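In order of appearance the chains are A, B, C, D and E, and numbering begins at 1 in each one.
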Amino acid sequence: MPFALPFDMTSLDLLMAIAAAATVLLYLFGTARLGGYLATLLHGAALAVTVAMGLDLAAGAGAIPSSLRLTVLGQQLAWTLDGLGWFFLLLTTGAAFFSSWYMAGEWGRVQQRARIQHGTLALNVLTMVLLLSAGDLLGLFIGWEFVSWAAFAMMIQAGGPATQAAYRYMLYALAGAMALFAAILVVHGAAGGFGFDQMRAALPDMSTGMLWTLFALFAGGFGVKMALVPTHLWQAPAYSYTPGASSAFLNAVSARMGLFALILSLVKLIGFDTLAGLRIPMTGIESTDILAWVAAITMVVPTYIALMQTDARMLLTWHGIGQGGYMLLGILVATPLGVAGGLLHVFNYATYQMALILAVFAVIHRTGTADLDELGGLITRMPLTYVALLMGIIGLAGLPPMNGFVSKWMIYKALIVTQQPLLSIAAFVGTLGTILSVYKLIHNIFLGQLRVEHREIREAPWSMTLPMLVLAGIGFVTGFAPGLALSIVDQAQAAMGVALLPHHLGGVVLATGSLNMLWVVGVLVGAIGVGALIFYVLGNRRFETHQYDNYAGGHFLSADIRYHFSHEFYPGLARVIGPWYRGWVVRMEHGLGVLAEVSGDLWHGVFRAAYTPLYVLIVAVLGLFWAGGAGGFGS
Amino acid sequence: MTLTAHHVVLPVALPLLVAFLLPLVGRLSDGLARLLAQLTTLAVAVIALLLWPAASDGGALVSAMGGFAAPIGIVFYADKLALMFVVALAVGLLLFRPRREHDSTKVQTLWLLLLAGGSGLVLSGDLFNIFVFYEITAVATYGLGASAHTGAGYGASLRYLLLSALGSAFALLGIALVYAAAGTLNLADLSQLAGERLTGPMGLTAFVLMVLGFGVKAELFPVNTWVPEVYTAAPTRVTAVLAGVVSKLAMVVILRLLVLLFQDPAALGFLLLLGAIGVAAGELAAFRSRDLHRTFAYSSIAQLGLMAVAFSIPGHAGVLAGIAVALHHLVVKPAFFVLADRWRGEIAGLTGAGRTSPLAAGLFVLLSLSIIGIPPLPGFWAKLMLFKAAIDAGGAGNLTAVAIILAATVIEAAYLFRVVGILYGTAPAGRPPLRFTLGELAPGLLLGAVLIAATVSVAPLGDGLTAMAADSADAAAYASRVLPGGN
Amino acid sequence: MKQAQVPAVLESVLHEIPGIQITPKEGSRVRVDVAPGALPAILELLKGQLGFMHLSAISCIDWPQTDEFELVYTVWSHEQKMTVSAHVTIPRDPGEYVSVYDIHTPAGFFERDIHEMFGVRFDGSPNLRKFILTSWNGPPPMLKSFDTLAYVEETFQWVDYRPEWLRDIEAKGGGIDSEGEGAPS
Amino acid sequence: MTLLADLILMPLVAFVVGLLLVLMARRVRAKIERRVGPPFLQPVYDIVKLYAKKTQVSHGVMHDLAIMMLLGGFITAEIFLPVPGLDGLAEHGDLITLVYIMMVPMLGLALGVGSCANPNGSIGISRALTAMLAYDVPYVVVIVGACISYGTTNLIDIVQIQQQGGPATWGAATMPILAFAGLLATHGMLGKEPFEIYIAPAEIATGPMTEMSGKYMGALFVMQCFQLYTVGVLYTTMFLGGGENWLFFLPKVFAVIFISVAVTNVYGRYKTDDVIRWMWKWPTGIALVGLALVMVR
Amino acid sequence: MSDTTPVIPDQPEVCRTVDAEERGVWRRVMDRFADHCRARSLFVLHYCTGCGAIELPPTITSRFDMERVGVSPMVTPRQADILLITGYLSVKTLKRVILSYEQMQSPKYVLGFGSCTINGGMYWNSYATVKRLDQYIPADGFIAGCMPRPEAVQQVFLDLMKKIDAGQANAWQDYYLNYDRYLGNQMALFGEEWHTPVDVIAEAEHYGYVGDGTRGRFTEILDRHAAYALRDAPEDYPERGANERLLP
């Protein structure tokens, strides 16, 4: 049924209107007593409209046009939303809804500038709507700049280290944007316009050199936002110093805009076959292989950097970078299974990463610190936050009961079926690293000895624990029945022009070994039930004792002895892989900075030269000599 | 009352007349002299505006001095482009009239001389006439540059005088070469003869000399070493006008030369080279500088380099891009200098200034975003025009220029947002808060409002500019309007 | 015990100490009796000149009859392959003596142990807090004046061990000689 | 109905065979130490005695949940592990799913030990996870190589492929190097010396098992049986052609475990970083060579 | 010395106390089976309290191999069933022995090696050693000999197994049922602030082993200052840091 609207406005216009209204209203009334709930309401409305649009798209509407048209200096800008855009839009509005719900309660009241946080969150949603529904390359670039600057506004509000991290982010984002600008200019040069269809038309007669530059510029430009390896240094500090709920939003969705744009440009516009055609002459290495290996390195290296972090937020954001590598790798396998796995991982990642970040900020809200060496034993004081974090880390590590496992399984399976062993081994090794670091996270915060000063801590308020638990619930439900999420992914996959993956509610049926999560999770829960039965029936009733009634080699434990093992949690591993962290990328980045400084000094010196007349004479003679020689420059 | 072609000369003649009257009036009372100067500036602005409808329908107003015919006669050619810049100059001078402590009748006379020279530079259709008005503006700039009565001011102006004199010598040599080759100095006439007379090494040498000559004021690469010193030492309001408007007038002259006289690619390539190096040099030096004035001076060098790159692209697309960048810079740079007036000295000393005067900091962010070229602000559309023109023109030189400009944008964003970071930092307790009075900030806010208005009405503005660019890039139309019967 | 004459090298070093009495013992042991004030000097000399680097032990003997403590400093020299035990007697009631910690560092533990067991105070010793008997509040237990048996009688209880096999033997006239030395009644 | 029978039977079979494996391990150890060794039912006695303990000390809900996750995880793993005659749910979950199901009990144990707030336990778990990272890298290479060479990850198909031509088409025959690397990784997986760093009784008082008493300790003994069985059967399924019938299947499983147990009792204990270095040098190297061979064909 | 001189009631012969509710047939079969298994699987705590510990390695390893009957060493008291007091018990060691004993899970058994644990043995008149083990923790069996040879140790293990099999080795219940007496003796030795982090009374109440001797004069003293949430430890007692109970 076409979405009936009061007047000729399409649902996309309605969504844009809601987002714009939200930005203005929340900036004005953010800190009012009911400001938080107003925000949740507005974002909820946006989510509802998005879901309605989804139903529309599922009912066969190819794309939802927007009546927003702009012709500037001979360029027509139009905005339409197709399946791919809608998939990411669903994540954006969902993430905004949950983070505003989190901010609505006690957490929002404690913040100094809740008004700015609400405003920037709504602004981010508005800019993302514009980016996701861009109708042509120029619209894409404008949307891209809007999103980058909205994220910058969100990051800089915390002050202190956040400004430094935001400034560094802005430099990377702008470099990426300029690469993208160059790319659309190259397209304009070849195709004579910025439209998507003009680009597709001009593709066949583009020279391979131009195709390579286009591929490099698109991958580089969007890779910066996705924090692919050489350009990943900015993301961890930038996303962790942003205050609470906005950090959750950024982590869950903001980096995925890069993936959306990468899919749009490389897969939808250029297409897998042309990319496959692009080979390095002698070696037979395709362009997608290079990007796949960059994704593989992005999967492994940041995960093992996350392992060494001592700040909970940094650990999670470093994992965000690693998980981005999984999504890209899944999509680059180019088979229906791989692409579905990659896209499903985007959805799954958004759910469990948001739950994790919200949980960590709930801990910060109560204890005041996120330093893993200052916490411990909070399971008795904050059980609900513990449950949310536990389900989150099971998802992040990709273990069965949660949805993270399904998408990772599909990616491993796609890599094995397409006979790419080294990439699949990299994926497995990435998962192993994740398991180690997530256990360190949950152990150092919730398990082990409870500190004396944390003895009176209360559970985080309902307004904070409820969103977390709902997100973790979504993770479990889509883990139990991945078919639900896969049907959402189908929209995006269809829009990408890749064949759909046949799937049922429980998972995937393949000749080379299928997965039915209904059985896997069902049996697991049943078996744990049997375990519980055995536990309660056999053996006497349990007697719960306190943490100091512990074996310590005959020693009497007491509150003033700090015996919680949390600092340097994996000493053996640190001794082996410690020397492997040589920080090449950090030194490279520092080198770039120094290069800019030195060349700045050079030109600064040129302008301060006192003896200008002599200097001009020399230049004039040179000019004449050149002119006299009739050497034509250029032409 | 409608103004005819004969009134074209008024914007030049009136200020000259009043400029020489001022010392006499000044003897009676300073207030009166200042009022008279401002009235004449206003009059010039009104006249230029009134000329606008006449120019727009006929394409341009041509008035030959004393009725002499082409080869000898001095012609004034007022098309929409020229009139726009005259209006901009007049309004700029009105908006940024010198402050109480720097003001005196002598400064007012220089102010009017600058107005006369500037409008003459843009309006005149004769090469030597352009040189004369160029000298007048140069002299006015020396005087105004030193009007801050500081040692640094005198030194900077002296060095600028030396450089400018050398430049003028080159320009004169170039004009002489052109006269020797073509026998006439009337631009329209020359544009007819350029085809066979001004090609080859002789034409090219003339072009190089003239570009280096006029380049001094247009802040082109080799000859713009005076810019940082003068802009820092001169009173900020003078710098605002110099950087904002006057440097563009010289660039328009170079545009005229390119469009009318020198169409061959060697000349365009030379200007492209200067422009590209100018952009790179400007941005990198700005990245290094620690003082806000000096940063904006280098930034204006870079923007002028952008204009040079734009004009070096043949066809009306290039001219359109150049004009768009020029207009955008004309609005943004003076506003920057208004901010720099209060936030003087080391940038590091400004920590926390954003918190004490949020309006100024907000303005700074808006202006930075526009000059970097972030959509939807006009800066972005100007750069987009430039890049589109360069890509459509093709050629290795243009592509490298585009690459350099893209890289320069990142550096530009780096140093501008470094300042933003410092502005919003937490101020150390001891420092007194730098607070803006509304009076000081008014011109800046006005220009900010103009910028936002331009953002909103970017489509109609774009069409207007396209028409103007098409007209001013058309050498044949120029000649047909100036030469009767167009021989 | 083959030779009784004092080793020449020891004689040469220690002869100028007033009131010193050197008596060689069996094997390579030599006993030196000296006035309380001269002991640090002797240890210094032995360590400096003859290489008596190693302080094997400081032991204390409680002489209740003469109301004195006797401190024995046993030092060993690798060079001379000889052990010297320096004997000093100090009166019981002040029970004060100087510490030799700065000459031989291990003395710190020996002095702490003697302080705990005998109550002798060594001023200058780094640490005289409780050493082994951390939860002991009674008098220094090694003193002969401390009647352990009385303490044990008062603190602990015995089991009167009367299994029936023992009762049969006693019935037949055998059993344990309870009047023997110290057997519990 | 057969599925319900499988669901019940497979864990029980696994438990019984596991007990026998544990008995064999203790008997082999005794014989190597020239001792008589425990009686036949000793593992049963130990488990029953632990479950029959009159007082059971727990350190919180998570400690109990851990025990449930432990047993639940391994029961699920057994159900997805096809053995002759009992296919269970192997159709619905393949080799990769099984490897990850085996990690659920490990994570459950880690969480339970963490909530005991005992430093020995936490150090033990940190070493256990590091050892897991060490031996899982070669194990993953072996799994990927095997799956690519068989062309499927479905365990039942893998067994059929190997049984087509008798021993000639066993995994060990077609991929000898990969099988050898698999054996080394399996040895690491069992947590026996020289990779017993996380149960080091002398240093960290049996690491994770420090605070486990009564039925918690009993559950860990049951887990040991399940673990020996699962690892042995998984290796047999992948490389020794699985089981046509129990008569051929059990000896193979016992042989795999016997090799590892025999090696265990003559080795000292490696330090944690030596475990990593060794595991990432030799087994990984051999596995990569095997993988290269597989990819070449 | 504290004035609380403990009074020693007559020592009744501890026999198998049948559980409170009369057990059904099924429960009795289960108990019988449990006792059968308990007898055949004994974990000895690897804690060498005195000089007799040197006798254990030959008993457990290849020379005498107690694993034949199911006895194997276990590292922590949580997992152990038997606590061997091998020889003299100094006052300081007794504190650790009591802590280990309380951390062991019942049914637990204590075996005293040599005469030192019976009546003080060779150190009968020493101020530092404890004379009677069973005053402080209930003991199941004693072995005469200073130090008993492995054969004697094996014999005591076999005797203990027979008692467990018959369900009689229930000395551990005595610790719960007469906890006040044991606590009194311990306090007489260690002073009034003495307590271990293990909450024995709560355990007794939880599992229903509360006799009339469980609570008494000394448990009140215990409750008064066994504030398990004691933040700062008194300087000396016990050595580093007092004990800690998180009030539920």
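Just so we're on the same page, contacts are C-beta pairs under 8 Å (C-beta built on N, C-alpha and C of every residue); 3 or more make two chains touch, one makes a residue touch a chain.
All of these numbers come straight from a predicted model, not from anything done at the bench.
Where touching is counted per the definition, subunit B and subunit C have no chain in common.
Steps from subunit C to subunit D, minimised over paths through touching chains, total 2.
Traced through touching neighbours, the fewest hops from subunit B to subunit E number 2. Of all chains present, the one whose mean CA position sits nearest the global mean of protein CA atoms is A. No other pair of chains shares as many C-beta contacts as A-D.
Most remote from subunit E, judged by the distance between CA-atom centroids, is B.
Compared with subunit C, the chain whose C-alpha mean position is the greatest distance off is B.
Our note on geometry: subunit C versus subunit E, Cα centroid distance of 37 Å, whole angstroms.
Remark: subunit A and subunit C have CA centroids separated by 76 Å (rounded to whole angstrom).
Subunit A and subunit B have CA centres that are 46 Å apart.
Averaged Cα coordinates give subunit A a centre that lies 59 Å from the centre of subunit E. Those residues of subunit A in touch with two or more other chains are numbered 450, 540-541, 543-545, 547, 549-551. Annotation for subunit E: residues touching 2 or more other chains are 76, 78, 203, 207, 238-239. Pairwise, the chains that touch each other are A-B, A-D, A-E, C-E, D-E. Contacts from subunit A toward subunit B in the complex involve residues 70-74, 138, 141-142, 145-146, 149, 156, 159-160, 163-164, 167, 170-171, 174-175, 178-179, 181-182, 185-186, 188-189, 596-597, 599-604, 606-610, 612-613, 615-617, 619-620, 623-624, 626-635.
Subunit D contributes residues 26, 30, 33-39, 41-42, 44-46, 48-49, 52-57, 201, 205-206, 209-214, 217 to its touches with subunit E in the complex.
Looking at the complex, you find that subunit C touches subunit E at residues 130, 133-136, 138, 141, 146, 148-149, 151-152, 154-159, 161, 182, 184.
Per the touch definition, subunit E reaches subunit D in the complex via residues 33-34, 37-38, 40-41, 46, 61-62, 65, 67-70, 72, 75-76, 78-79, 81, 105-107, 203, 207. Of all the residues in subunit B, the ones that touch subunit A in their complex are 159, 162-163, 166-167, 170, 200-201, 204-205, 207-209, 212, 222-228, 264-266, 268-270, 272-273, 280-281, 284-289, 298, 369, 372, 374-376, 380-381, 384-385, 387-388, 391-392, 394-395, 397, 402-403, 406-407, 409-411, 413-414, 417-418, 421, 424-426, 458-459, 462, 466.
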